[in-house]
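Below are the structure tokens for one structure; questions will follow.
Think of it as A, B, C and D in the order they're written, each chain with its own count starting at 1.
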Amino acid sequence: MLEWIGLLPAFPLAGFLALVLTRGKLPRRIAGVIGVGSVGLSFALAAAITVEFLGSDALSHTQVLWTWMSVGNFTPGFSFYLDGLTVVMLLIISGVGFLIHLYSTGFMADDPGFARFFSYMNLFVASMLVLVLADNLVLLYLGWEGVGLCSYLLIGFWYDNPANGYAARKAFVVTRVGDTSMAIGLFLLFQQLGTLNIQEILTLAPQQWSEGSGMVVAASALLLGGAVGKSAQLPLQTWLPDAMAGPTPISALIHAATMVTAGVYLIARTHVLFELAPSVQILVAFVGLATLLMAGFTALTQRDIKRILAYSTVSQIGYMFLALGVGAWSAAIFHLMTHAFFKALLFLAAGTVILSLHHEHDIFRMGGMRKKLPVAFWSFVIGSAALTALPFTSGFYSKDAILLAALEQPQYGTLLWLGGVLGAFLTAIYSFRLVFVAFFGDDHTQDAHAHHSDDHGHDDHHHGPVKEITGFVMAAPLVILGILSLVGGFITVPVDSVFGVHEEHHASTLVHGFMIAVPIFGVLISYLLYSGAPQGRVLQQWLKSMRESAFGGGLTRFWFSGWGMDALYNLLFVKPFVALAQLNRKDLIDQFYGLLVELARISNRAIVLTQTGYLRWYAISLIGGLVLVIGIGVWA
Amino acid sequence: MILLFYLAGAVALIATISVIVSTNVVHALVYLIISLLAVAVIFFVLGAPFAAMLEAIVYAGAIMVLFLFVMMMLNLGQATEDEEKAWLRPQLWVGPGLLILVLLVQLVNVLVTQQVDVVPVEVGVRELSVLLFGPWLLAVELASMLLLAGLIAAYHLAKK
Amino acid sequence: MPSIPYEHGLILAAILFVCGLIGVLTRRNIVFILMSLEIMLNACGLAFVVGSARWGHADGQIMFLMILTLAAAEVAVGLGLIIQMYRRFHTVDISVLSEMKG
Amino acid sequence: MIVVWLILILMVGGALAWVTEAMDSRLPRLTALIVMLFSLIVVVMLCMNNFPDPLSPGGQWLVLEKWSWIARFGIYLQVGIDGLSLLMLLLTVFLGLMAIGAAWHEITERPGFFYFNLLWTLAGVVGVFTALDLFLFFFFWEVMLIPMYLIIAIWGHENRAYAAMKFFVFTQVSGLILLLAILCLAYFHFVQFGRFSFDYFELHNVVLEGRFQMLVMLGFFIGFATKLPAFPLHSWLPDAHSQAPTAGSVLLAGVLLKTGAYGLIRFAVPLFPEAAADFAPVAMTIAVIGILYCAKLAFAQTDIKRLIAYTSVSHMGFVLLGVYAWNIYGLQGALMTMLAHGLTSSALFMLAGGLQHRFHTRDMGQMSGLWAKLPKMSAMALFFSIAALGMPGLGNFIGEFLSLLGAFQANHVAAIFAALGLIFASVYSLWVIQRVFHGEFRVPGDHGAGHGEAHGATAQDLSSSEMLCYGAMVLGLVWMGMYPQTFLAMSEPTMAFLLESLGSFVGSVVSTAEVLP
């Protein structure tokens, strides 16, 4: 089975080709079967390979398909590398991917771009599989850029609305900034080590570099740049909330479960480099911490159901970075997996809500959906519980591991731990705020529409009666993901051999108790604040008065805008670039040559004056010249 | 002989000046013929009888007759003559005259540096022909081409 | 045979040439200009023949023949042009033909 | 003989196309097509050949022939084909075919003369890529210019006279500087060895003093950099491209620009190794400025052809960067960039030409949302834009990655700044897609209700023959991206030889200098 590893990305790629070459002429049913089936085949194969790989004693397996290019010492192959980490990623990508594909056949059923949608999705899965299978950084970069491209295409899937196009371009360009940093990191690694094969790098790096030497710091910092861009961490996190312009299954697959965690994968994959550069590693932790807090506060103020989830994604990836930063590699991967389950669940449930409410995104125009949308409601409850890390849900185990590892960090352990706990508290508030506002209280769907956020660009705002849209294809993935979100915490990720350590964290009962209590306390506060419960009237009044005060209002707006990062970048980069470009639209250099031409033209006008057209004048000039020449000849 | 040279030279000079100051085309043409004939005499004195003959026959004869025919075709009358008088204003002459005076001074200055007397040796038609159709054959051919070209051009230009 | 000062011949040629030049420069009637050109050509021919006599060689005369041919061709073409000009502009004033200026 | 035959086929074919116009106005294009197909077959057959012995000195030459021409001045008809030439020839004939495809329906006026010029340009290019005698090289350099000038001047768009003149003046002036440098070199061969020589191999032995060598090298560099074009000599290109007919743009962008890069690799660096080494930091700086400056300019354009033209300059910056890195990665990267850029820019110009043909404007502000009506065309535009921004898996990525990899080894700072070009590339590429193909459907003349709709409805999507052209280019790019080894292996011996001989040449300078008085 292991030698069939090359087929993993080949199935979705074939699906992509089939859908593209038929150019949407296929009937929807067949297109759907191709789109879903190809990923399903990949999943089946991945499962079989996993069983075989875990059953064998081998720690890794390398499969060379062909030599990509061979230039001097630079010989990256089209070759795949399989180990415990890869296996986990493969299963997440193909498994969650398959469920989301299945869900999409229902969600996108009426969309004119049905086949186009599935072709991009298949291409995405293929690229993502290449990313995690790659045995060298160049091939990884191929997958890395490939998923970025698919992300661009899918965010801008409903292309007739320019806002979607803007979001898509923003996503691509911002991540490209990170990608470029990563590319430079690749150049540096190759120059220093003479190879870009990941395993060789991991072996050579400790031999070549001492801990904390300049080169390894530079290389790992550059790789971190790439990871930060892809995983929407500070300071390149601004694209992810806007990326919610894409269809909701996209947000689930790309912007929650798989692609945005590629940065985590990259750092975990090259963990040796980061271990050699402790300053960068602690930077990773602080990037994660800052991001998770910033995104947590922002999520508190959002109204758009998908933006709340987007900021929570940013925040959760912040946890993974925190884990990476403190060297808890397997905890990071574990959280990556559980996050894939519950965040996909949340997004898909949000998709159901949005579709059932005729593309309503604002949670304050929902309310009381508990009875009308039972499937979505229960999905949300389970997902939010896991997200909040309530005891015995999957999120509990993974977040617990991360926080305990953070506490063990020798230098900044307490600080990191406290930050993480504060983040967990925020997570509890904003995730249950969503649940309480959207599913409890009164029905606000018939409220007058002052503004509407509509991700379809369709103009059908006549709101019919609310009826939950769940066929089998949409309900089944929710159920499966719900179960996984609950019990996923009992899965062990087989990555110990990859990172060479078995992580076990022990802490006092007090710490444990505190970490269990904080989320529960958060949920309670959220209940009092947002469910309209009479017991929380005092708190609600306080919140209202805070929001109306100058400071509180300003803070709310500041958080709402994502800490003003968009405006800042606009001011720092976008506006100067555009202004400069517009200023020099005509090309200064060209104008310089234009000046030369103008000079020639002026001198021409001067000389032309001598051209009178009179024969006499010419003859006299001729004689004058003659006299001059003879004069010089005779007397000079 | 020397006398003849200077005499012919003086005639040529006076006739030439008359040409350029004359207002009547036909008069000017007659003066030009006189000038050419005077030069032919000088050729003769310098021992070039063949050249002198050609000067008289071709230049003074054929070419000037051609001029005459064209004058007749143009039939320039009294109006033209009045016009010429109006154009011959002295101030027009000053600038070119001065310039050309300078040129003349330069030319003479160059020419009088060598004091060599010429003893004319007559070069006969025979020698000339031998030279012409010997080393100068190519020049003769070129001249014939030139004449042919002139012929064709003149035919085209004068055509209605 | 008595000798003739070589430079006198040349000076005569120069004077004749200069006379022709004055004609070219000052006259506006194209017929006179053409005649002045003939004078200049003739002066050149004279200079060649004088040179021929000075060196006792016939090459100068051959050059004169060439000039003669040139003059013939030039006059033929020039007169053709004059006729053409007179037909188009009904004048022999060279100043009329000043279209070709910059 | 095969090179001579190839050039003769093109030249005679061109003449034939001109002659057959009198019979039927459709015959010239048919003639041109047959001639190009034939040339393609010849070149592909050449590619099938194995190199005699790549490892032995001189073994990288597949074809190496020499006939006497003007022996008195040491001028020979010397031609040679190695891997580098062969790849360039392959690109030339392939894009020649595409250019004919682009011109097929577009050129209706004086088609015979058009195809004559087209084929003669190609003949000149083939000559440039094969000539190993610098006099012959310069001869072909001029042969490819004048027909190209005519193509722009006669069949161009509204501002063609200006553009054609600008093109001509720039290339001619730089060409004269190149000629001067060539003559200098030949003269110094005379001074040092007692006879003139324009022979590529013999000129290697000429020894020039430091400063003077730099001057002569600069002559070569200016000649080639104008053609490339490198900042700040690029200003002719946007005008020439935007005014030229589609086929002209294809040839200009796809093939003619590559002659500059080829010249740098073949002549400018190997003939003057020390001066080139001294000059490398400057050249790399120029490359970086070109990449960033023109990417920024591209972003500001509204004329779609001008935009693509500026992106060409930006991409050719990577070639310059790779060449002056002067290591195997940089050189192979430059080569791959040349090949891939040839395909992408040609395809993009063909698409822009297609848009102009359909909507009679190149102003991007006047059209948007074409995806709804022209899905095939839009998909192609998307593909080639993505290729242009350096998506891994397609040819451009390989080229740019290798160039940067090589450049990084030679000069960190330059490579890092050049890498920023990758970001800019994504900005302008996606900007085009957004403005033209995404958004709400709107085309020029869309003022009154229904009118624009009618206009849009008449606009045809790509025909199957057009799809064939684009499909071939798509396949080419994917091939280059997924298995570039096919191409890299062909040029490997040449590049290795260049690098090696340069090393040995640096050594031999000393010995030659000792021998000379």
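Heads up, the rule we're going with is that contacts are C-beta pairs under 8 Å (C-beta built on N, C-alpha and C of every residue); 3 or more make two chains touch, one makes a residue touch a chain.
Bear in mind the structure is a predicted one, so any value in this text is a computation, not a measurement.
Two chain pairs, A-D and A-C, are weighed by contacting C-beta pairs, with A-D ahead. Chain D has its Cα centroid nearest to the centroid of all protein Cα atoms in the structure.
Spacing of subunit A relative to subunit D, judged by their CA centroids, is 38 angstrom. Taking each chain's centre as the average of its CA atoms, subunit A and subunit C sit 93 Å apart.
Rounded to whole angstrom, the centroid-to-centroid distance between subunit A and subunit B, based on C-alpha atoms, equals 98 Å. Each chain gets a centre from the mean of its Cα atoms; for subunit B and subunit C, those two points are 6 Å apart.
Shared contact sites, meaning residues of subunit C that touch two or more other chains, fall at 21, 25-26, 28. Counting partners per residue, subunit B has 96, 99-100, 103, 107 as the residues that reach two or more other chains. The residues of subunit A that reach two or more other chains are 620, 623, listed in rising order.
In summary, the structure contains touching chain pairs A-B, A-C, A-D, B-C. Across the interface of their complex, subunit A is touched by residues 95-96, 99-100, 102-103, 106-107, 109-110 of subunit B.
By the touch criterion stated above, subunit A contacts subunit D in their complex at residues 20, 23-24, 66-72, 74, 78, 138, 141-142, 144-146, 149, 152, 156, 159-162, 165-166, 168-169, 172-173, 176-177, 179-180, 183-184, 186-188, 190-191, 577-578, 580-582, 584-585, 587, 589-590, 592-593. On the side of subunit A, the complex with subunit B involves touching residues 620, 623-624, 626-627, 630-631, 634. Against subunit A, the residues of subunit D that register as touching in their complex are 231-232, 234-235, 238, 296-297, 299-301, 327-329, 332-333, 369, 371-372, 375-376, 379, 386, 391-393, 397-398, 401-402, 404-405, 408-409, 415-416, 419-420, 422-423, 426-427, 430-431, 434, 437-441, 482-485, 488-489, 492.
Taken in their complex, subunit C has these residues touching subunit B: 1-12, 14-23, 25-29, 31-32, 34-36, 38-39, 42, 45-46, 49-50, 52-54, 56, 58-59, 61-62, 64-66, 68-77, 79-84, 86-87, 92-93.
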